[in-house]
């Protein structure tokens, strides 16, 4: 345990209260646009909280996905709502005191339970430390994600694919406005995109030993693509059809293929230790690609079509 | 060539549909073929898995070679097998039905979603890891939402949205419980948790949270508010899927948790569940009786039938494994019967262009196969012999009467009577003369037979109980030894 | 404490003052354009001062480089986004404040 | 597998399989359907004949199929079940012939004959049931199979009738279910056993057993139309005549009555039931039903409704015979199962003929009908005399034994009930005969169909004549071997007299 | 009072706030935001508790779980938002409607 000085304590307290306050503000704000902006701010504070809790991997993921991409998704969705919907009076709250009381009791009960938890729990740190050497990577979080509990991650990639399928079946293509974007944004994007790609590559590479990995890298890459889309680059026209779909499934397909291969040895997803590192890297590269394209496609919100395809 | 006893059927049940889903996604032209072939292969795999279980007993597999608590454990016993078999049986019918039901554009989305859903269900039934279960639950939920909304339309979209919010809320609440359990016991593996668990506030909190989350997904009264809208507005094969399999999936998790973790805790909780179940039976049946639209009627019937599953909880402590056998059997027969009903209702709706019960006569008379399917499935839902529903209700009633729970017994009987009232409300129209002659729409044979075969299966279940119970006993899922 | 430490403290405090001023401006200025103005002042100058203060404490040149990179990126993003917001507002017809 | 296993199964299958095939037949395949129907019916009769022979010679027929780990579906042919099976299969054949003629040219015949066959399957199944759960299964199947028959006409009236029928029978089935499960939790077995299987049960459970008995009788009494559970029966008259005939003479009401016999003799046992004191009230209920049904019948103008109330009254004779709890009365009650069947089916066939040929539905329209349809009315007359209990028709035998049985058990007051009932029977039946034979037609018939020189179609005429002759024969030849009476005495000897 | 406990309590607070908003508000965007806040609360609890190990390093398993959870949540959010837009088009407002129609 670190030494808790008064100052740090104060900072934690402020951050915690700040999170609660922001949450309250964003949930109760009359103006939905404001709510979304506050949500992004909330996400950034959350990232700070993760850092305080020694969870840099999560902080990276939160900053890129939780705050960044979710924010972009929310904004885009807000723009598609009928305009009079955007700041509607809140519901009448007179009758809710009973609910408030009930939730307060639930929260208090849960608080009591958490308080009653043992000061230090067993956890799985020891097991992870013992097996890290044979996992193929040095970053324990990556080891858990892609080796110890790689099966979870396989299914999680499928969740992304599912969401995309849902979005494609529901999303409606909007006529893209042919407004000029202006030189500032274009320049900004031109400068940022290569940088983001670089950052993504670094995160992917570093993930084996340090905070980072496929999800964070994929999210950063997705952010680059979102930026390009915002700047009016017709990515949806460039990447369509089988090529797009192949990129989308690269991660899941590699994972499933690997699962199938390991099954020949009668042990699902058991990598041979000497190749574990390489296999994980392979998986991560494929997953990064898929995650990035999937997230960007989720942002796009409809299925891009080739010219040949009917609507 | 690997000897068939060494084929890893369990893992294949998960991987096969995943791979097929990817294939369908990338090459939509292959979707129907892939879907049908995969379904057949899955049937084979469940057969193989059953055979394996029978020979070798409990199935346990450490994924990635990492033993629990570090890794994720797959776990299969008789109960898992029953759920898998149920999935495959209903799945076969839905596959047959969906082949003709969706147009090309919808099929492109339907097949990968459906295969992913199958994979998620199989993964769920084979998982013994409460965090892994969370992911499978989310997969199941999101796939279901996308499927409900697949055909569009105001009702379906509203239903899907309601369902999505409910399912997300349910999973998050469940996850909070997982967090507490993990911290206290240092594992998310059910087998290990069962060894380590003790009576502490955390366990109560976890029971409350995970229970609430799962019961919301299972739509136990009064958490059923989202169900009728979603189940009634979805495309027919999806309605069948939701009522037959999805509510069972979350119930299955709840039952597992109850059996290994929570049962020692609470007679009072069990009694509460039983009472909620009883209210669900009455409320759901009553609402079903009041509906004027066929699919809503069937959806409310699901609310009622879920009640039966919970009535068992207060009886279980004294009744033992045989009662749970009855509950499982009820689950299975309800799955088959309800799927048949929704598919049949879908045919009637498609044929008549509407599902207003009072104007159904013409459609009902022109589609004797679908009507027969509806009626036969109804027999099982009513719990009238000979049917699977009868066997299940017999065991429940036997336990209730033996232990003197007269109120619960009375509710079950009244529920059966109400069920017959709402089912015959519909079936009665098969015999009345009608004057209207709308332009007949042709319904593909496959869609009619899918419903009928399921219904017949739900009736035949009335004769297979001892055999099913023997399989169900593998791995002793309910404790107390084999019957 | 060495001289560089004092310098650091001074730079950080000055930076904080700019942030404070920027925040007050954001809250008190009359319209969107003036608020943007206040905000970017805080970002650019305030953050610059802070980075400078932190750079003095850095253990290696690599860290200094990273800190400067942060500043540069924030400058770029701040300026770009402020421009986008302002031009967007103008296009939507938000009139600048006049006394 | 030997004969003792497959014979009961074949008896069931001989109507089940034709039934299922008929469902799938197109409406226009009249010949194939008729062939299937008749072949099934004839085959069943042959099989039942074989089984009769076997049982008489001590052969044991039994099939078991596990339903639940400790519960089995049991089909067993004992002497009592054969009594009912024989009745069903003979009357099925006759009714099938009648129905083919009756429904000629009407729509939805495949559906009709499909359910008709299922209905007989259920009846035979519950006759052969070797334990209560098997009985319950076929009892409910019977409910489900008769509902479509009642609804067959598809009019608003038949919808109403179907609804009422379901309300009564489903509720009855539910009571039966609860009672059976409760019984099972106390006794651990449901197997029909001569003298019952309950006398070993601890005394503290006796109150529970009384409640169970009441529940069982209530559940069965719905179908047996015991007052006050008879409400569905007159309503169900809207069904086509062959259905009414089947419901009243063979399937539904008899299933209830047969169930009561089983419960009193093979579940509780006469002695134990008397010990519990439940037979006395049952006698009273039966007596009330007998008188009440006759009284109501007196005031019905609709012919079929009059017959229906008559059924309410007559079926209670069976219950009465059982409840008196003496061997002679038992003979009377059980033999009435057959006798009432033969007589009542004759009456309904005749009523159907009148409706079908002349459009006559009401008693008041029957003036002079005897001259127009002499054969039909002759058969009707035989039935009526049987009902009244005039010798030598079958009804007389039943009433004789019932009366003797009552005296044997010192229940002399029941003679008064029987006498009153006979008087009432005469009061509501004889005016019909008078009007038919001795009055002049008051005008043209409501809806006359022309059959040339015959009074009506052959398929409609033969069945009532045959059943009337049978009713006469079993009365005249009551003391010959292999008559119902002889068989019932055989049953009573083998099973009930210790 | 230590860091881990503080943040776990904040997590519970966020969960409850989100739940309240989810129940009370009709607007779908608010409901979706509420779900996200609830999710953050759960994740915060997981991570905060992970810090309470005997070893100096926090437990990595909950970290991995939360990363998984974040991805699942963003996927669900994307689907929910798309669905919301469609619902808003049908209902002419971004709220669920109770009456059903043909």
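Each chain gets a letter, A, B, C, D and E, in the order it is written, and its residues are counted from 1.
FYI, a contact is a pair of C-beta atoms (placed from the backbone, for glycine too) under 8 Å apart; a residue touches a chain by one contact, two chains touch by 3 or more.
Bear in mind that the values here come from a model prediction, so they are computed numbers and not experimental data.
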**Report entry** If a chain touches chain C and chain E alike, it appears here
**Finding:** A
Query raised in the report: Chain by chain, through touching neighbours only, how many steps does the shortest route from chain A to chain B take?
Result: 1
Query - Remaining chains grouped by touching, chain B not included - result: A, C, E | D
Report summary line: Note to self: most contacts are between A-E
Query raised in the report: Going by CA means, which chain is nearest the middle of everything shown?
Result: B
Query raised in the report: What chain lies farthest away from chain A once each centre is taken as the mean of the Cα atoms?
Result: D
Requested in this report: Select the chain at the greatest separation from chain B, using centres from the mean of Cα atoms.
Outcome: C
Query raised in the report: In whole angstrom, how far does the Cα centroid of chain C sit from the Cα centroid of chain D?
Result: 98
Query raised in the report: Distance from the CA centroid of chain D to that of chain E, rounded to the nearest Å?
Result: 67
Query - Inter-centroid spacing, chain C versus chain B (mean Cα positions, whole Å) - result: 57
Requested in this report: Could you please state the distance in Å, as a whole number, between where the Cα atoms of chain A are centred and where those of chain D are centred?
Outcome: 74
Query - Sites on chain C at which at least two other chains make contact - result: none
Query raised in the report: Residue numbers in chain E touching 2 or more other chains?
Result: 15, 19, 45, 49-50, 52, 61, 65, 68, 72, 75-76, 79, 83-84, 86
Query raised in the report: What positions in chain D touch 2 or more of the other chains?
Result: none
Query raised in the report: Looking at the whole structure, which two-chain pairs count as touching?
Result: A-B, A-C, A-E, B-D, B-E
Report summary line: So, in the complex, the side of chain E touching chain B is made of residues 15, 19, 22, 28, 31, 35, 38-39, 41-42, 45-46, 49-50, 52, 61-62, 65, 68-69, 72, 75-76, 79-80, 83-84, 86-87, 90-91, 96-97, 100-102
Query raised in the report: Contact residues on chain B for chain D in the complex?
Result: 322, 368, 372, 379, 384-386, 390-391, 394-395, 397-398, 401-402, 409, 413, 416-417, 420-421, 424, 428, 430-433, 462-463, 465-466, 469, 483
Query raised in the report: Any idea which chain B residues touch chain A in the complex?
Result: 6, 8, 11-12, 15, 18-19, 21-22, 25-27, 61-66, 69-72, 74, 106, 109, 112-113, 116, 119-120, 123, 131-132, 135-136, 138-139, 142-143, 145-146, 149-150, 152, 176, 180, 183-187, 200-202, 204-205
**Report entry** Sites on chain B touched by chain E in the complex
**Finding:** 131, 135, 138, 142, 145-146, 149, 152-155, 157-158, 160-162, 164-165, 168-169, 172, 175-176, 179, 182-183, 229, 232-233, 354
Report summary line: Per the touch rule, the chain D residues reaching chain B in their complex are 23, 65-69, 73, 111, 133, 136-137, 140-141, 143-144, 147-148, 151-152, 154-156, 158-159, 162-163, 166, 170-171, 173-174, 177-178, 181-182, 184-185
